[in-house]
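Quick one: structure below, then a few questions.
Just so it is clear, A, B, C and D label the chains in written order, and each chain counts residues from 1 on its own.
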């Protein structure tokens, strides 16, 4: 099955080329078939490869296929090699499967858009780059996928280019992720000079030999890679771009800003786990960043009125959970949460997209309402997604993945109670804003009329995703629910076991605490937004609450901070130096020469007597020199 | 007949005349006076040539003097013609009137 | 012999100073003639009789006459003398005078310190001059001839009274004088 | 002999175009085109058969040599010779030459014959510069490429073209004269040492010069090349020259004239004065990095499209200097890649800027906007080349910049980090171009037509080459390998062993690792 591997990324690439080059001359039906078809085909091929991978696992634990040597310069010869092992199999499966569903959905969603072929071209290019990122065997190829993904997110966020705000959001996304990419590039240089190669398996093999535990270089490299991951996965310092990235169409937000691209950072850290294990400080920083982000993003999500921005902040928060899991060494839990999160977040975004389209592109949740019986399918699928997001115990898949992270945050070797407590608080806030969203959108009286009912093409993917959001959790049950850990057995071929603290046994208590926090969140939201809305009016009076509201609403003021700290100075320098101060230097030279020649020409006064006088003075000077010598 | 005038004295005289000529050219504003002073300067140089010639008993001095004379004659004729023309156009012989050739 | 030389030198210097200081052009011209005559006297003393004669005939005789013609032609009489008076205010000539004084001082100093031995001057008879004139300096003579021809042609051309054509809408200059 | 034919075709073509230009304009265009295409095809065949035997003569980089005495008295000979680098840049010259002729097909109306005469003679000068193996001849061609470019900018430029032409000419000429001084100094020193007075490059290579003089001679050469390859203090002629030059002119200016500077450093400064070059290295790298950041910030603040693209090439050339003075194989390969890919990507941006000026009659990006709706093809291609200029992996520029940065990282870590930060700025200005020109609301009333067939051909050629260089740059790298190995031979700092051992690693496992690496 090894030789089929190259088909998975090339199919989307081929369909991208077809659509990009001949997009205009192909009818809309064919565009849909090529666009969605290619991704579904590669999903099917992935299934085939996956089955063969699981049924008879290869000896080396991975499939590897070298297409050609990218370049050969002295000691540096990266090859274009596709490398599939357990970790990348899961990622490829998620990307292609959810990608296919989203493509099918967007056939219906983008039906009346005029740039139909350009949309599918960019989406296919995105799937290709993401697959390349995940299947890359050396860091340079990974970097190629990394930047390709950044490019596609830029193209798709700014898809409706008439409105300059979309263009601005797209550029903001690209530049902030580019900051992260540059840090990662420097990390690549350090790795190359430490190990002489960029091939990931070699790097991971040589790292423990060359660096001892807690080595200074290990921490530097880990932090640089983390910076790259933080940029792409919109974690703490560089998370301001994701809420603005909601300017793109909903399928884009679903695919790129929920399921796949934003988790590229998680993949990178999981893939380079050896380096992170070598420097506990770096791993602790990953955990801290994860926790801080989940807390901040959770609170910001609480105050948003635009349905897509709520989901954006919730994505940042959930990825914070994954970073927390990676930070405390719960590698499999992070990947498990990634898979589950991909399902229910894609579902939520697609359902939100359907709601927005039904209400004539109305984004403000407070103007929606009463859709429960008008859009039943959307309601039920949205309910399942929210339940999974809020981690409703036992039923939803979200519970199993998030509960595992909470458990390891406490029980793992490098976990500590503070991280666990904030994570618990985060779970409570998540439940709060999810229920708030549900109530505002589906209950209460309808404020805007339904314009257009979503077609079959849009509802079928929703139902499939809803099914997975419910039942996908059962492939990894906690210990006390019967030892059924299919998922982590697969992953332990690649990622190390999570080392637990000694003498920890009662997981049950933590599960109960987690479910209590979820129920508490749901109940509180129910009280505030359904039972007694007047409580909110009372809250609005108190000045402090309103300041807090605006502070959280603006994403804890990061946007203003970066604006003042970075954007203003550069724009200022650019404006004052518009026509090149160095040029002034040369204009100065010309000015001096002109001034000089003018003063000399003044001596040509034209009067004969002045010239003879000059003659005499010259003679005197010459004679005096003669005398002196 | 031998004469024992020392050559420096003659050179001194020529120098003095030359300087007086230059002074004349600078001081006077009337073109004719300037031309006259130029004539004085020419004579001074002629004197110097002749003195040198006689000092080394070479005819070259006097030959040069003759050339100076020829040149002086030509120069004066053109100079005077110019003066006529200037007087004709500008109605005055003031040198400062002729200022067009300025930088 | 020396005394004659000194007298002649003295006369030349005084008459040259008179030339550059007179207001009336005719007076200046006459003083110049005197200076030329005393100069030819010095030439004679220097043993260059041919040069002395030439000086008198050509220089004093021909060129000075030309000057007189021009002065007569432009009838520079009393009013030019008066005009010269206010042109020659001390403010005008002090600067140049000082300059030429400095120049003379330097010349004097340079010539004085030369103190070459005072050989007696030999006379160079006209025959020797004529011989060298037409043997080694033959080209020089022809050139001088061409120079004179140029002088004549130049003077004739410049002297013409052309009708002064100014630009058509400037004032029309009629052909007087 | 092929070398003489190449220059001969160009010069002859130029003259022919000039003479026939009077009768009908179209003829001189076709002459220029077929002169260039014959040259290009000849070169391609030459490259292919050289490429087959490339790894056999890895030691001797010189492929072909043609020598004929010109002024034997002073030891000046008409000595042409090419190695990997010159061959590559020659192919680039003819390739861009063809594109220049194609893209100025009907936007030059008056004096067409003289226009193509100038164009071809610039190319002849440039190919002469890349081939000259005799310093005097090198200087001759260096001047020869200058004058027609002055005419090109001065006659067919836009508004204040005279100012720009003067500035360009004075800058290059003044620095060129300094180089002449250095050449003559070298000539005499060599003559005094060895008794034979010659300008031949190979003999001058071995001259023993005292470090002091060597430094000054090297500076003489460096000034000429640094002004040509604009490094920040001397770059101010480039934006003016570019914003006023006609499309073909700025294409040649950006694509080729800047490369002669880098070529000069690689050919003359490093081999002739290795010790002095090593002394200058830290300073040169510093100026390179300043160039990158300064060029980027200025590019960000421009409103004139061509000026903006000119400042981007100042920024990219900063990378070249950084790479050259890192003295290791990776960086040098990166430099050569950067020369080729920068020529293509900036050339494409200039062609499009020219097309926009032709259609909208303005270069000011504030008056443009929303052109994507009317010109989707140009929008897509502009997006591609903007991405190329910000170094998107998968396109040529990324390979070049990555190699340079990896190479420079070994030489000087801090400067490389600052240079990598420069990459962020390159992202900012590239995206600004696309946003201001193609995206956003469109307020144009009169319709603007998209690419014509000829323009599609030009753009397709450029896109194919940039993508090919991005995905499979090996042919370019192999062609230049012999030349760079020879350069390596001159700079034997520790870059022979690939890794600088990490000082924390305990000696035991470091040794262990080395042993492991051997088997």
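In the analysis below, contacts are C-beta pairs under 8 Å (C-beta built on N, C-alpha and C of every residue); 3 or more make two chains touch, one makes a residue touch a chain.
Source: prediction; values computed, not measured.
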item	value
Chain closest to the assembly centre - both centres taken as Cα means	D
Pair joined by more contacting C-beta pairs (B-C or A-C)	B-C
Cα-centroid distance, chain B relative to chain C, in whole angstrom	5
Computed distance of Cα centres, chain D from chain C, in Å	72
Intercentroid distance (Cα basis), chain D paired with chain B, Å	67
Cα-centroid distance, chain A relative to chain C, in whole angstrom	102
Where chain D touches two or more other chains at once, by residue number	none
Set of chain A residues in contact with two or more other chains	609, 613, 616
Where chain B touches two or more other chains, by residue	22, 26, 29
Interchain contacts (touch definition) - all pairs	A-B, A-C, A-D, B-C
Chain A residues within the chain D interface of the complex	20, 24, 68-76, 118, 140, 143-144, 146-148, 151, 154-155, 158, 161-164, 167-168, 170-171, 174-175, 178-179, 182, 185-186, 189-190, 192-196, 206, 209-212, 215-217, 570, 573-575, 577-578, 580, 582-583, 585-586
Complex contacts: residues of chain B adjacent to chain A	22, 25-26, 29, 34, 95-96, 98-103
Chain B-facing residues of chain C, complex	1-2, 5, 9, 12-13, 16-17, 19-20, 25, 28-29, 32, 35-36, 39, 42-43, 45-48, 50-51, 54-55, 58-59, 62-63, 66-67, 69-71, 73-74, 76, 80, 83-84, 87-88, 92-93, 96-97, 99-100, 103-104, 107-108, 111-112, 114-116, 118-124, 128-129, 131-133, 137, 140, 144-145, 147-148, 150-152, 154-159, 161, 164, 177
In the complex, chain D residues that touch chain A	167, 232-233, 235-236, 239, 297-298, 300-302, 329-330, 333, 370, 372, 376, 380, 383, 387, 392-394, 398-399, 402-403, 405-406, 409-410, 416-417, 420-421, 423-424, 427-428, 431-432, 435, 438-442, 471-474, 477, 498-500, 502, 504-506, 509-510, 512-513, 516-517
Touch list for chain A against partner chain C, complex	609, 613, 616-617, 619-620, 623-624, 626-627
